[in-house]
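Starting off with a structure, shown below.
Per-chain numbering from 1; labels A, B, C and D assigned in written order.
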Amino acid sequence: MKYLLQFERSLEPLYKELEERKKEEKPTIYTEKKIQQELQKIYSNLTPYQVSQIARHPDRPHTTDYINALFTDFLELHGDRKFGDDPAIIAGIGNLRDITITVIGSRRGYTLKDMLSCHYGMIQPEGFRKMARIINLASHTFKSPIVTFIDTPGALVSTNAERKGQIEAISEPILALFKAEVPVIAVVIGEGIGLGALSMSIANKILMLKYSFFSVISAEGGASILYNDKRKSEELSSNLKFTAENLLNNGIIDRVIDEPIGGAQRNRETVIKATGDAIYSELEMLLKENGNKLKENRIERYRKIGIYAD
Amino acid sequence: MSLFRKRKKIVVPVITKEYGENKWIRCKSCGNLIYYKELKENLKVCPKCGYHFRLTAQERLEQIIDKDTFEEWDAALSSDDPLKFKALESYKERLERAEKNSKIKSAIITGKGKLNGYDTAIGILDFGFIGGSLGSVMGEKIRRLAERASKEKLPLIIVSASGGARMQEGIISLMQMAKTAAAINSYKKGGGLYISVLVNPTYGGTTASFAMLGDINIAEKGAKIGFAGPRVIEQIMKKKLPKDFQSAEFLLKHGFLDAVLERKLLKPTLSQILSYYRGKKW
Amino acid sequence: MVKLLSFEKSLKPLYEELKEKRKNAQSTDYIEEKIAETLKKIYSNLTPYDIVQIARHPDRPHTTDYINALFTDFLELHGDRKFGDDPAIIAGIGYFNGKVTGVIGHRKGRNLKENLRYNFGMAEPEGYRKALRVAHLISERFKAPIITLLDTPGASPTIGAEERGQAEAIAYNLQELFNIPTPIVAIVIGEGGSGGALGIGIADKLLMLKYSIYSVISPEGCASILWRDASKAKEAANALKLTANDLYKLHIVDKIIEEPAGGAHRHREEVIQAVGKEAQKALNTLSRLSKKKLLEKRKEKFINIGVYNE
Amino acid sequence: MNIFKRKKKIIKVPIVTEEERAKPVRCKSCGRLISYAELKKNLKVCPYCGYHFRMTAGERINLIADEDTFSEIDTEVKAVDMLNFKDVVTYKNRIKQAKERTGLDSAAVTGKAKIGGFDAAIGTFAFEFIGGSLGSATGEKITRLIEYAKKRELPLVIVFSSGGERIQEGIYSLMQVAKIIYAIDSFKESGGLFISILTNPTYCGTATIAMAGNVVIAEKGASISISGPRLAKQVAKKNILPKLEQAESLIENGLLDIVVDRHLLKSTIVRLLKYYNRRRI
């Protein structure tokens, strides 16, 4: 186990023990069981803030892992035809079993170099424009369903991004998704923050992994705005109601994909497979509907969101 | 346009049949001697350094389209000389020379064929014919290709290798840019899939019209693609150009291409895209 | 005194005499008459390369002069909403003969400072993208026709322009201008330089001032490629058939707008008004067409250009 | 996003309460003292340096709409607390305070008015109501305004002045952005004209919405960005704001159509409406 989260620290001696026993070639069943028990204890009682930490765990499967494991014949498409190619967005076409699907997702990178070039998954204007271009291609030319994988800290905040029209670029994929006359499924697989996540989430069905979150702002960002104090983020995160469970209850999302105890970072294959199954079963349902109807549904759905006194 | 001057600089050797099956060829990039047959088997890519030799339209066609499935369209079209243009050599003479050297009647072959079993309309530019330049015939052939592809509900592939607009036809060649763009526009509006393949070199009016309008733009590795020739830019900016300037990778980085591919991957990728397109209804 | 072109050198003594007489407050009728006579003689016998020089004359009325004189209440619109605002293209909306009309044109400067700012009328990709954005806005929102004024040596050949996709910007304009649902009248008022001019030159009617040019390549460029000697520009200008008369014969230009002997730079007001009149005439005929018919005809106009043997 | 802490600083500037009205105001930009009456007469623009003070929603309507032509719609839509949110104060309290202070029920005022004699649908964000932030009620009001304009074929004018999404409403506020962007697009598709006016400040999702305008106008000195100063600081670890996000630099970057002085704002809008209405002739 490479990396333990703060609230998982109690596992550290157990993992050490496990390693030692492995080295000495002693049986490890008992230790493993103990770890499992401890995990059960921790994971049955998570606070929203802890969920947000799990969602950002560096070992959690990334968009690229899902694409590699689930899609055959994946062909990546590049560029916005205007200014550049944003590595923080991966887009392309591939087959999920027998359905040809256009896939769009945010990429964070594994190595430091990758992470830097992807800005840790923060999306630049060219990324948004690339998304819009590919969505239109999927809807207009290929007529293939669209699946988006959301795992981003949001839109990139920088002088350069601002100059290239960040504020304008964000609306392009939103509109493109609204107008797409094909089924759209969004899957939140890690963190989904702010306008960056919103731009990929206009869908007929929104799925969420159990230990992922979807929020208007990161807990840290919110705390620094509302309290002017980053340390208050833990307190704020329970207020923001951003976990999969909360959002399912509020009707914002449609389905929670279960993660085993220990999270996706410990059960990569299981979670990826479960995600693939969930996408496939939802798509089977959606593909029965007519494209125009799906578009109307999507528009209706978003038109209704909001709670106010009337 | 300005490409004609560059021909001396950018080395794009053509190897014709007469060159002989048994000859040795020196790779212009790494300098190694390669046996012609070996080169040919390797799709005219240097086996030592990966340098992509230039292909004639016919060779390209053989590489992309399944054997004996190609049906050529509008083969009879040939250039006229509307301006009675005469420079050091008159346009008429230039055309005759090009026809003699390349054994084709215009700088583009169009038609219909199968690509790994998928029916497709295809156009291939030949750089060997007056630099693959965009003139009336090419404009008309592309228009007919797009219109017919639209009618027969075929996907459309155009492989570009061109120096730009054909100066000898003056303003009429410029208007071919508008003409091809209009043809592609109508084709795309009908829901067709247009894949543009850009190979070394694609410049000027060709890049600035149909070659950049693909739903999917693909470049062959090592292709130089741009609007203005590098010399012109160098002269105007009085500055050395970056090393990878106008290379396929440069364009990929700046968002104008979907993929940069080695020659051997070109056909499989095209067939992959066509397979995605296959199931859709118009 | 206007700058004399090389073929007008015979006027020099006359102009000097005129200046002298004016200084001495003598009658200038005779000398003015003589100048007019000489001009007439010179201008009735111009070579194509002479016309190239007239088209490039620094005192020739530019796009801004036409807009100032022909439009009231002109409102300039800025920016492509993507990357930048290119001063080499001016675009906006105003009243033209009392009717709402859009105008898009290349902007050239009067002095070196202005010319550096406007890049000698050579537009960058963001200029073309701005032109298209404004064309969409004017035609779809204000349902107004568009006049485009062409006067550029060509599209800007710089590293930055290539990086931001000069070729794509022009190609996309060529494609999209065929979808603009209101009449477009293009007028070549000076140099129509290759793709740079065509990028905003897709129109239902193409008009041309008598002493303007429109060509696939500059005569200098053509000479240095085909003659391998830039000084053969004269021959190249002959061969390229780039004058209004030649283009009319080739059926590229719909109408030639007459200029008096001496050219637009000597008769600014007169020529500007003539352009306004012809533009109005063209708009009148076009406004009778239905939208469908208009788009069809625009496509027909360009798609049938070409000379070949079959 | 919304910049509550700034309020302390801001109170020096736009005056709301009666007793403050008597006091002179210090210009934030040049530091001179200006009498309130004079400032008000000059449309809340500093007569010395041209600094544009913030305007309240009411002042904004008065500035743009012709006198006595404004009739408000959707007054029954009110902000409520749905997540039981609490930061320094509870969100319930915050709404209550804002209501008392401003007399508004949400951060948007919408309605129909004549502008230069032309009928138009007009909406404005109220910065004085929780930083003009975009909550569900605000989003709903703006969406209804857009639909109202679409139904009646009126041109649409919206004045933006907002800190961004309302964090206190969590994900709901984020979804409002999508909702409004689509509503605007279908309005535009039906042939409507949407003039968006960005004033100081317009941040985050609201800026994105504002960019959807057919014609995008910004007031001089308006600060426009994808992130508020605080969020930018938190994310970028450095304050990128001062140089960057002024309207004057954004127009160079091609994002705006026109930057105007407040005195010319109305006449510019009227001019566009004139073009728009003339088209049918």
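The criterion applied here is as follows: a residue touches a chain if its C-beta (ideal position, glycine included) is under 8 Å from a C-beta of that chain, and two chains touch if they have at least 3 such contacts.
All values reported here derive from a predicted model rather than from experimental measurement.
Q: Going by the stated contact rule, which chains contact subunit A and subunit B alike?
A: C
Q: Within the chain touch network, how many edges lie on the shortest path between subunit A and subunit C?
A: So the least number of steps between the two chains is 1.
Q: When the contacting C-beta pairs are counted for B-C and for C-D, which pair yields the higher total?
A: Pair with more contacting C-beta pairs, B-C versus C-D: B-C.
Q: Which whole number of Å gives the spacing of the CA centres of subunit A and subunit D?
A: 32
Q: From the mean C-alpha coordinate of subunit C to that of subunit D, what's the distance rounded to whole Å?
A: So the centre of subunit C lies 42 Å away from the centre of subunit D.
Q: In whole angstrom, how far does the Cα centroid of subunit B sit from the Cα centroid of subunit D?
A: 53
Q: Could you tell me which residues belong to subunit A and also touch two or more other chains?
A: Touching at least two other chains: 81-83, 129, 163-165, 168.
Q: Among the residues of subunit C, which ones contact at least 2 other chains?
A: In subunit C, residues 81-83, 164-165, 168, 172 touch at least two other chains, as defined above.
Q: Residues of subunit B that contact two or more other chains, please.
A: 188, 212, 254-256
Q: Identify every two-chain combination in which the chains touch.
A: Pairs flagged as touching, ordered by label: A-B, A-C, A-D, B-C, C-D.
Q: Would you pull the subunit D residues touching subunit C in the complex into a rising list?
A: Checking each residue of subunit D against subunit C gives 188, 191, 193, 211, 214-216, 251-258, 268, 271-272, 275-276, 278-281.
Q: If you look only at subunit C, which of its residues touch subunit D in the complex?
A: Those residues of subunit C that touch subunit D are 73, 75-86, 93, 99-100, 126, 130, 137, 140-144.
Q: Which residues of subunit A touch subunit C in their complex?
A: 81-83, 125, 129, 163-165, 168-169
Q: In the complex, go through subunit A and note every residue touching subunit D.
A: The contact residues of subunit A facing subunit D are 153-155, 157-159, 161-168, 170-171, 174-175, 178-179, 194-195, 198, 201-202, 214-217, 220-222, 224-228, 230, 232, 236, 239-242, 247, 250, 252, 299, 302-303, 305-310.
Q: Which residues of subunit C touch subunit B in the complex?
A: 155, 157-159, 161-168, 170-172, 174-176, 178-179, 194-195, 198-199, 201-202, 214-217, 221-222, 224-228, 235-236, 239-242, 247, 250, 252, 299, 302-303, 305-310
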